């Protein structure tokens, strides 16, 4: 189960990176990165998964005393949550950049942003 | 849910996600479709999170990763119509 | 330090003998050259006549201080060279001023006159003078090298730089002469000797046959006279060094005359036979023929 | 001093507070931002002071009231606080610098800046991996925002490229962190370090990914194209922050990771750093854009620090000292340079010539360059010293060599740039110089010098800024506004006083060198009174720096002080040489050769240190006894080549002619007559301590003999064919130094005497000749000899100086040059190597040629029409020449005055060998004798007699113009046509010209061309495409992966 | 094409690294020490039922602070970037299609509900899945809906910004209060932790999480609003 999710995650990362590195359109590149991010998050959550356990929320089903035996590792989840938000932040920033580039250059082609080189 | 069903579901999800992801990154499709496909990947990821017993993450991914992000994309897309040269 | 004032008259005596000998020898040699060329040649006293004429000539002009000093340098060089080397071995009277220095002093003092001459000639403002100087200096750098090597070889051989000691080491039999104990060094030195005597085939510097050319171009009257005096002294002074280093020195004046004459004749004979080299040719010649011999001499000592 | 959490909470709070302000209250917002940054700067300063001075122990900051590893914890110690200080001070100054931009962009831009500070503080403080990730991402985003502040539209593309690669990095980092957590059960850095065995059992890859991500943040080659684009296009104040603060923070992140990694990963880090350092500096060579160049330099410097981080295992207690020295030097210098670049309008390197309008800025620029290069007294110098010693002690010589090589490349472009600034035409656009920006630069300047002082204090060796001569030299910076004559007077006074103070402590050898340097130097300074109506900005500090270095060199007792003095004199002389009109390329090649030589010396000392941080120079003597194998030989070789670079031995000589010839009139004698002696002094010191050494069975002094001989030949030969008078003299110096080296290498008593004789003689006559030729050149306006001629009547005093000079140089009796030759012959008599002598013999007479040429073509022959009204050289240039003439005479008469004591002194080292007897008027050796005074008298008497005689017979001689000649029976009509001067020794060129083929020049030119072309070719690899950069990044990851797999 | 192939090749190599990771991955069967601590102690110490929330808001509050700052930063930068667009107008104004009646009505009905839901989610963050971020996102989607239905609607930037900043300040302020009054920065035990499972429990966690929610909502809204307004340039 965790392995499947993890494998999927890795494949998504690769697909996302492929998209980001081969498409010349800025928006498509950003799409590629969001997919890669989803993949990363999937991998990360899968890392913390313990087969046969439940979410780290204490309620009647999971009393405090049994928590250690019943729940999965909560830390990766907390971290992934942060990672997701950060990912969105970066995506938004990239989108803002794409928009600016479009406004100043009239194109979204990454190949046209090459005044700086060497 | 029994173990097997979860597994099967998980596999199915995985396959769908990969297909959607490929759709999103292949340059042939139009941009809105690509964005939607990416959103779909994100959404399916959040389902996967649920299966992995991570409801908090699932909610976040669904609300932020797939929802808001997709909207951000569309907002920008609508501003740069002319620049979409594919 | 107490200086023996008698050295001054003694030295002047040496000088006097050498000047006269040089004059006659020069004339004699010119005569030989002429005879070889089937000409009559100059009379033996011609040089005296020239000298007197030039000293007394009145239409002298000067181009400036250095022009004035050039011949002075030149002659000082010749006289000094002579005086810094003992002329007659074993004779206090004719040991001249050799207490002031050793072989090295003599070796480097050779350049004093050359340099002064070059300066004076250059001041004359005549382009031919300058051309002559460049030729002379170029040639001398190559010609001096085998000599320096030979000197070094000899100094190494006798483990001394003192001329007197070197001569002393060659006494006894003529087989003790460096000529026989170190033939390589002598060969190198003699090859160099040819070059430094301003005789054919190395006489392009002066080029006496052509119309005025070479360093002394602009010199005349008493300037020229000084140089002529030097021309009498300088070769002899140089030969004295060769003689002392390679040919056992001279213990008395007759031996001295003889040896100097013989050594001088070497260059004359060669000069009569060979045509003139251009400067770069002579440089190459020295480097190819003389220098290796000198190197061998140094290495094999 | 406020709690450490304030670094995060206060700036963040302020950033949020800015959001509450109205958009129009810009002054208030700006005030809040500045106040926050100032407060945090103060706080960081207090902490730093607390840790450094008051001995506080590092404090742990727990958050959430829970101990680590369960909650995030922070640690604040000396390193952290120092870096915090760096970050905040850079940000504060940049904020001041950015005043107009920030005011225009409003509170949002300011809050981005504050958040960036907070993020960097977080990186520095945190001890938690994921927290590190969060702050790294914050940094990326904040940087991405600040890049947008640039007016430059290209910044958009650059920023986007930055975001692309940081996306890839964050993916790697996240995956790495999670797998590492999974393997060790903790996410705390210290916790993971304890568990590192567990981590590496299964989690090699996890660590690898984290490691790569952090390394990539440090812009390693080749995955750094984006960084260069950012540096080039971002606002300079922001580039200053990236380069200084972000770089520093990323380095500490790497340091934290290395804590986990253990020793296996250290070398990898070093290799990555090294490759980056080399590549960046190589590419810098081909760069003409200033900010991009600064970018390359930043990348390179960070690479260097990475290299040092990887050497943690061998640096021991010095780790922080070395890392800190290099890092802080880089940070201050780079921030300063970026700030200056905001003042300069043009974007090409040569546009920086505008800095000349503001001497203070120019000084700042020079200081920053020196700071970057690690020249003394700046911290990089101390740090590199320790680093090199540690590397040598650990036998990591390849690392050492490559690092020094790359430093040399760096010197190549930095000093080329400096040359542009000093020498190129002022650009049309003036400096844009509002006071607040200038103040910021000045504060960086102050920081630079403060660091220099602090590092000097921290250094286990002496603090160079406590050295009186150096301080005296620096004092001239302050005295710059004074008129030149006063400064000149002070300089002379200072040198004389210093000599009087220190000569009782000198041994005879030092006395000779000290006399030449200090007294000789003051005499040359007399010439500087000429033209002292102007202020001659920069002349006195440079000259005094050189003299300070020289005078410290001769008294140095340990390797550290020796090397420091060596660098000081090199730098000082470089500035001096650069002052010449056309000297830009020559000064560059001078400094490059010198630094190359200096690096060899450094390496040599390091090898000789055997693990000790410095050694007394005398200890070099024990080296061959202490070590086995070839070590002593290598030390000897390195040091000798280093010193031979300074004496311009053949092969390493090509810098000299230009440098000496193009220098100013009074500078040429300094750099020729005095500076060259530094190399000889070094060789003397080396030979005196180490004696003869062998390497693979080759006797090294024997090799040196050959080098000396060939230098003598080549120098003289090349001098013959020069048309430029000063070049001729310069080449002649090469020959003269060849003689001296030859003498030293003979390794016998008389050889050394000869060398010392040359030292003295060369100083006198070369100074004299350079002055007279310089005076002539000043009057005629040219240095080409064939354009002169016949100046003897117009400039008689100069002529006399040259005449005396050439007689002395050529070694013709009776002047002192002969003494040198005489000792030389005596010396070679007892030497067993004879072949090199042949070459020396050949070289001897050649000197004649060029000397004659010098005097003839300038002073003799026909006077040119346009020179008819020339006057004698200026009084102040003639005066020292006359002093030198007197010196020469005295030295010719009584050489024993100077040489007797040193003869005895040297005798100690060659016990039993032949020596000289100085009794009476005659100097005798075992082979011969030499009586200078009688020689002088005899020659004088003969000469005067003949002269008077000639005067008598010629008393009616009529003075006529030189032009009044009979030119092959034709009357010449123009003087020019009768002055035979050009290509003077044509026949000689025909015969021996083949020996003067510029093989060496061609070799070095080919080498530099190759490097440049390589740089130009390889940098095209940075295509400017963001995706390509990301591909590079992946390539890098894969390559390192394979490399590390292979290594482990 | 070569480029694609090259990228593909590199990614395959990267994939190999990932595969290595995947194959070397051994799922844990027991909670490790850190996780066990959280499982056993968070409820007792902090009084939260949702352990993830405890970690996010308290144990790793510093991360969360950073996370919030990321959004703050992004919002600020997006504002910065887009504000230039507004200044330098380019191109003719586009005519907008009027929105339909249905959508407007739907909006009027839905927006309050959505906002309420958002508030609920973050107020209950310490008890149930979800919290400030999710709630904030839901709030923002309410705003989004308003934007979609009425593109001409003007939101007060000052208002959004003030909410955002104020929430941030409260967050930081509460954190600092923790230093002063409790065990350290962001210690939640400023207030009594109460009984696990109740709304008013877990110290300041609900308060902080609520402000996080407000802040996140404001930040997303600010981004969206900024983006939507650029159109009318």
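Should a chain be cited, it is by its letter among A, B, C, D and E, assigned in written order, with residues numbered from 1 in that chain.
As a convention for this text, a contact is a pair of C-beta atoms (placed from the backbone, for glycine too) under 8 Å apart; a residue touches a chain by one contact, two chains touch by 3 or more.
In this text, all values refer to a predicted model and were calculated from it rather than measured experimentally.
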Pieces of the assembly without subunit D, by contact: A, B, E | C
Central subunit by CA centre of mass proxy: D
Farthest-lying chain, centroid of Cα atoms versus that of subunit B: C
Relative to subunit E, chain with the most remote C-alpha centre: C
Busiest interface, counted in C-beta pairs: C-D
Separation of mean Cα positions, subunit D and subunit B [Å, integer]: 59
CA centroid of subunit A to CA centroid of subunit C, Å: 98
Approximate Å spacing (C-alpha centroids) for the pair subunit A, subunit B: 11
Intercentroid distance (Cα basis), subunit E paired with subunit C, Å: 106
Multi-partner residues of subunit D (each touching 2 or more other chains): 130, 134, 137, 141, 144-145, 148, 175, 179, 182, 187, 1031, 1034
Per-residue overlap in subunit C, given as positions that touch at least 2 other chains: none
Multi-partner residues of subunit E (each touching 2 or more other chains): 3, 7, 11, 14, 21, 25, 28, 32, 34-35, 38, 50, 52, 59-60, 63, 66-67, 70, 73-74, 77, 81, 129, 133, 223, 227, 230
Chain-to-chain touches, reported pairwise for every pair that qualifies: A-B, A-D, A-E, B-E, C-D, D-E
List of subunit E residues in touch with subunit B within their complex: 50, 52-53, 121, 129-131, 133-134, 137-138, 140-141, 144, 220, 223-224, 227-228, 230-231
Footprint of subunit A on subunit B - complex, ascending: 3, 6-7, 10-11, 13-14, 17-18, 21-22, 24-27, 31, 34-35, 38, 41-42, 45, 48-49, 51-57, 60-61, 64-65, 68-69, 72-73, 76-77, 79-80, 82-86
Contacting residues of subunit E [partner subunit A, same complex]: 3-4, 7-8, 11, 14-15, 18-19, 21-22, 25, 27-32, 34-36, 38-40, 43-44, 49-52, 55-56, 59-60, 63-64, 66-67, 70-71, 73-74, 77-78, 81-82, 84-85, 88, 90, 128-129, 133, 196-197, 216, 223, 227, 230
Footprint of subunit C on subunit D - complex, ascending: 790, 792-793, 796, 803, 806-807, 810-813, 818, 821-822, 825-826, 828-829, 834-835, 837-838, 841-842, 844-846, 848-849, 852, 855-856, 859-862, 920-922, 925, 927-931, 934-935, 938-939, 942-943, 946-947, 950-951, 953-954, 956-969, 978-981, 984-988, 990-992
Of all residues in subunit C, those that touch subunit D in their complex: 1, 3, 55, 58, 60-66, 68-69, 71-73, 75-76, 79-80, 83-84, 97, 99-105, 108-109, 111-112, 114-115, 118-119, 122-128, 130-131, 133-135, 137-138, 140-142, 144-145, 148-149, 152, 155-156, 159-162, 211-212, 218, 221-223, 225-226, 278-281, 283-284, 287, 291, 294-295, 298-299
